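Sending over a structure as structure tokens; questions will come in a sec.
Per-chain residue numbering starts at 1, and chain names A, B and C are given in the order in which the chains are listed.
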Amino acid sequence: MAITVKKVDRNVTMTLWERSYIPEMTRGMIITMKHFVVNLAGLALEVVGGKRHRKIMTIYYPEENPVIPPAYRGRPALVRAENGQEKCVACGLCEVACPPRCISIVGGERENGERYPVSYTLDGSRCIFCGLCEEACPKEAIVMSHDWKNLCEHDRSKMIYDKETLLYPERNLKKRLNVIREKYFNAKLYHKPSEKD
Amino acid sequence: MGIAEMIETIVKIGFIIGLTIGFFAPMLAWVERKQSAVMQDRIGANRADFFGFTVIGLLHSLADAIKLIFKEDFIPRGAERALHTLAPVIAVIPSLIAFAVIPFGGKYTLWGHEVNLVIADLDVGVLYVFAISSLATYGVVIAGWASNNNWSLLGGLRASAQMFSYEVAMGLTVIGLIMFYQSLSMVDIVAKQDNFFHWGIIWHWPAFVLFLACAVAENKRVPFDAPEAEAELVAGYFTEYSGMKFVMFWTAEFIEMVTIAGLCVALFFGGHHVPFITDAELAGGFSFLGPNVSNLVAMLIGVGVFIFKLVALLILQMTIRWTMPRFRYDQIMKLGWKMILPLSLTWIFIVGVGILTGVMPSP
Amino acid sequence: MTDSSRDYDFYVESHTEPMVINMGPSHPATHGTVKFLLGLDGETIKDIDVEIGYLHRGFEKECEAQLWNGVFPYTDRLDYTASALNNIGYALAVEKLIGIEVPERCKYIRVIIGELARMSGHYTNLGASALELGALTAFIYFVEARELVWDIIESVCGARLTHNYVRIGGVISDLPDGFRENVTSVFRTNRGLWADFNKLLTKNRIFLDRMRDTGAISSDDAIEWGFTGPCLRACGVGYDVRKANPYLIYDQLDFEIPVGETGDNFDRYLVRMEELNQSMRIVEQCLERIPGGPINVDNPQWRQPSKDDIFTEMESMIFHFKNAIEGVKVPAGEAYQAVEGANGEVGFYLVSNGGGKPVKCRVRPPCFPMTSALPLIIKGSLLADLIPTFDMINLIGGECDR
């Protein structure tokens, strides 16, 4: 197959008038001032009308929060089932799958013979938020939550999360669990013809 | 000099210093942040607050001042201590005293006392401005040399070469204007622009473009900021400055911006004059208030118009700064010597011919 | 006193020597952490020594300790401005070693995400070079465009910078609902920002003077030094892995390869600007043609089965445990697969001994050869020319130093 090549136009010709810097400067200033006026009007409208009506990209962070899509990978969280117990069975798959080896589990057995993690430690200073633990988990016990705030500490020892910190009630993680069920590495998911995307 | 003149001069100096250091320097810092932010689809600095009031980021100038005052004044080892300390002072003073000859209003008679709204009505005002602005070079060169840093040295070298060459061109750009108004006194030049059709910008707009380019180059702002290009020379001549010394360089830049704008207003935009209205007509419009009060009102309007024009030119400078990329150092020199200098010489010739043939009627 | 009869050597007579100056590793222009040891004669660069390795993390050794699938997060950190492209390169190399082919829909999704990542890489590079030349506003416009692209990527794979999206034999997730509308609206905004950027810089004489005829390299030299990607195409060589050795579905797509003439910075800039448009074209074509179907190979040996299967079927559960603990058993052998990264040819050379971990994972970083040619390009030009040249070479520390 022949390679279709497109030559870029590097010989930008300039008339004498254009070589005098003035028209380019004017044009550039018109562009920047256009952005300025549009944004200023948007900001003024926001102050007056209260409705967010601006082209400004940035947000006032602590007051406003970015919109987090359902697929977002935040801090890993352990799922606490409806009966109040963790879903985790301490099989150790996440421990193996974790590339930076930040998970360590000590497993134990309840009286009824169910396995459970006696301790589950996740070193937040080593976690790279890759989501491989979630992928490896056969029980949907560890998922990437939408936790992204206040994860930084001055002291690394404070970033070692124990089981109680990581446990979240199942209903709080419903959104993410749905994503896993519906989209996430579902080999047999056939695309419905009605959906167009 | 009577006691009244003394008081008058002190008030005027106070007004100018208050206007430049007290008002424009912090305001320009704010405008530079906010205007660029809005231009770039951002919000800009708005976090410094006083009991929850942010005043759309205005308090950042205050916060900066407090922070920089308490910052360590660092002098690198091997630096020339005395010169290192002296350099920012030398940089900041000329930009401030150049304002002495720029009239920010006209002549008004108030209660039998004639007030001339300029600190020093020098007969050679234009020459004085150029003489003073060339002094600013020393601050920069000394800063570059005394820091004992290679980047500073390179910045100082670039700055000295650039400022010297653009001084020549800048001086020549206004020669045509001086020929046109037949005076070297700033007050005279402004007084002769009372008719809108005698404004410098009408007859001398090419000179204005050249003058503005030279002035921005003198001030070392983008696109002529090769001496302090942060991507090339870290920060150029003030790499090794911190705390209040850094603030002085920074203030000098802002004051010089105001001075440039003031010069442009006085030379090209009719100073305090409102278009199509002379001072006498303006005062006459308020004659029902009595002669003294009407003169006072005319004076206030004049100063207001001057400041309005000043702000417009400052915003123009700001917009240029945030729009343009930076020249390369040798291109700056080429532009100065090979483009602006011949063009300004040509312009002098054209003005001369125009005045001789009567095409350009001298007011 | 100089004797006029013998040659007058300025340097000897005036007792001057070049000014030796350290540019970097913490200089504002040397992003990506690199150090130049410059010998300056005035402003002219007489001598330059490029020191790399400040960002060395032992990528290749680290991979040997990971399972085949566990390498993906590390490939993200090679060219972090376009991390999905590295994912794709590694996945294709492993699939070549195994000898499997991913389903059609997966190929389309990979191309879409890859091209979006390429766009983000080019936005970063072009914006950063505008920034270093002082045009801060233009930089922010492209950062804005990049943020929008990242928003799309985030909605698909859950991360903005380190995508970790591709897996052996598939991808982690299907495209979300409303993806196409999202892309359309973002591309509309981005085309506007592209036009603004273009108007601000391309015909601006200050920018032209800085970029044109600086940092040029001839096409012969470029090929000899191992240039690839936009920097090679700027020299007029129409080499692009997507066309020369088509992978995924690039042979079915209609797009053009922009090439320059002289290989200077301005050509590199124009090539990248045009590639942004071509990438948008590719993504739009893919979105039109994308078929339905599975996104992963239906073979639990290579790609882990879905969660539903793991919960319900014993075999799937066993495969899943085996794969997760021992890793995918890639057959013994070696393979090299190159893809067109944002910066040039990203090649992965993999060796397997049949175990669950790679024995060797070697990366061919595109910016390493280009950085090594920097002294050749820059010697004799001005200090200020180093800035656009270095920007257009686009050294990414994570990729160059690995």
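Methods note: a contact is a pair of C-beta atoms (placed from the backbone, for glycine too) under 8 Å apart; a residue touches a chain by one contact, two chains touch by 3 or more.
Keep in mind the model is a prediction, meaning the values are calculated, not measured.
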{"item": "Comparison of B-C and A-B (more C-beta pairs in contact)", "value": "B-C"}
{"item": "Central chain (distance from its CA mean to the mean of all protein CA atoms)", "value": "C"}
{"item": "Whole-Å gap separating chain A and chain C, where each centre is the average of the chain's CA atoms", "value": "22"}
{"item": "Rounded Å distance, chain A centre to chain B centre (Cα mean)", "value": "49"}
{"item": "CA centroid of chain B to CA centroid of chain C, Å", "value": "46"}
{"item": "Multi-chain contact sites of chain C, meaning residues that touch two or more partners", "value": "137, 144, 200, 204, 206"}
{"item": "For chain B, residues contacting two or more additional chains", "value": "39-42, 322-324"}
{"item": "Multi-chain contact residues (two or more partners), chain A", "value": "28, 31-32, 35, 57"}
{"item": "Residues on chain A engaged by chain B in the complex (per definition of touch)", "value": "22, 25, 28-29, 31-33, 35-36, 39-40, 43, 55-58, 60"}
{"item": "Complex contacts: residues of chain C adjacent to chain A", "value": "66-67, 69-74, 105, 137, 144, 147, 154-159, 162, 164, 167, 170, 172-181, 196, 199-200, 202-206, 208, 212, 238, 240, 243-244, 246, 251, 255-262, 266-267, 270-271, 273-274, 287, 291-298, 303-311, 317, 320-321, 324-325"}
{"item": "Of chain B, residues touching chain C in the complex", "value": "36, 39-42, 150-151, 154, 222-223, 225-226, 229-232, 234, 322-331"}
{"item": "Chain C contact footprint on chain A (complex, rising order)", "value": "1, 3-10, 12, 14, 18-19, 21, 24, 27-28, 31-32, 35, 57, 69-73, 91, 93, 96-97, 99, 128-132, 135-136, 138, 140, 144, 179-181, 183-193, 195-197"}
{"item": "Touching residues (chain side chain C, partner chain B) in the complex", "value": "19, 21, 27-29, 40, 43, 130-138, 140-141, 144, 200-201, 204, 206-207, 209-210, 382-387"}
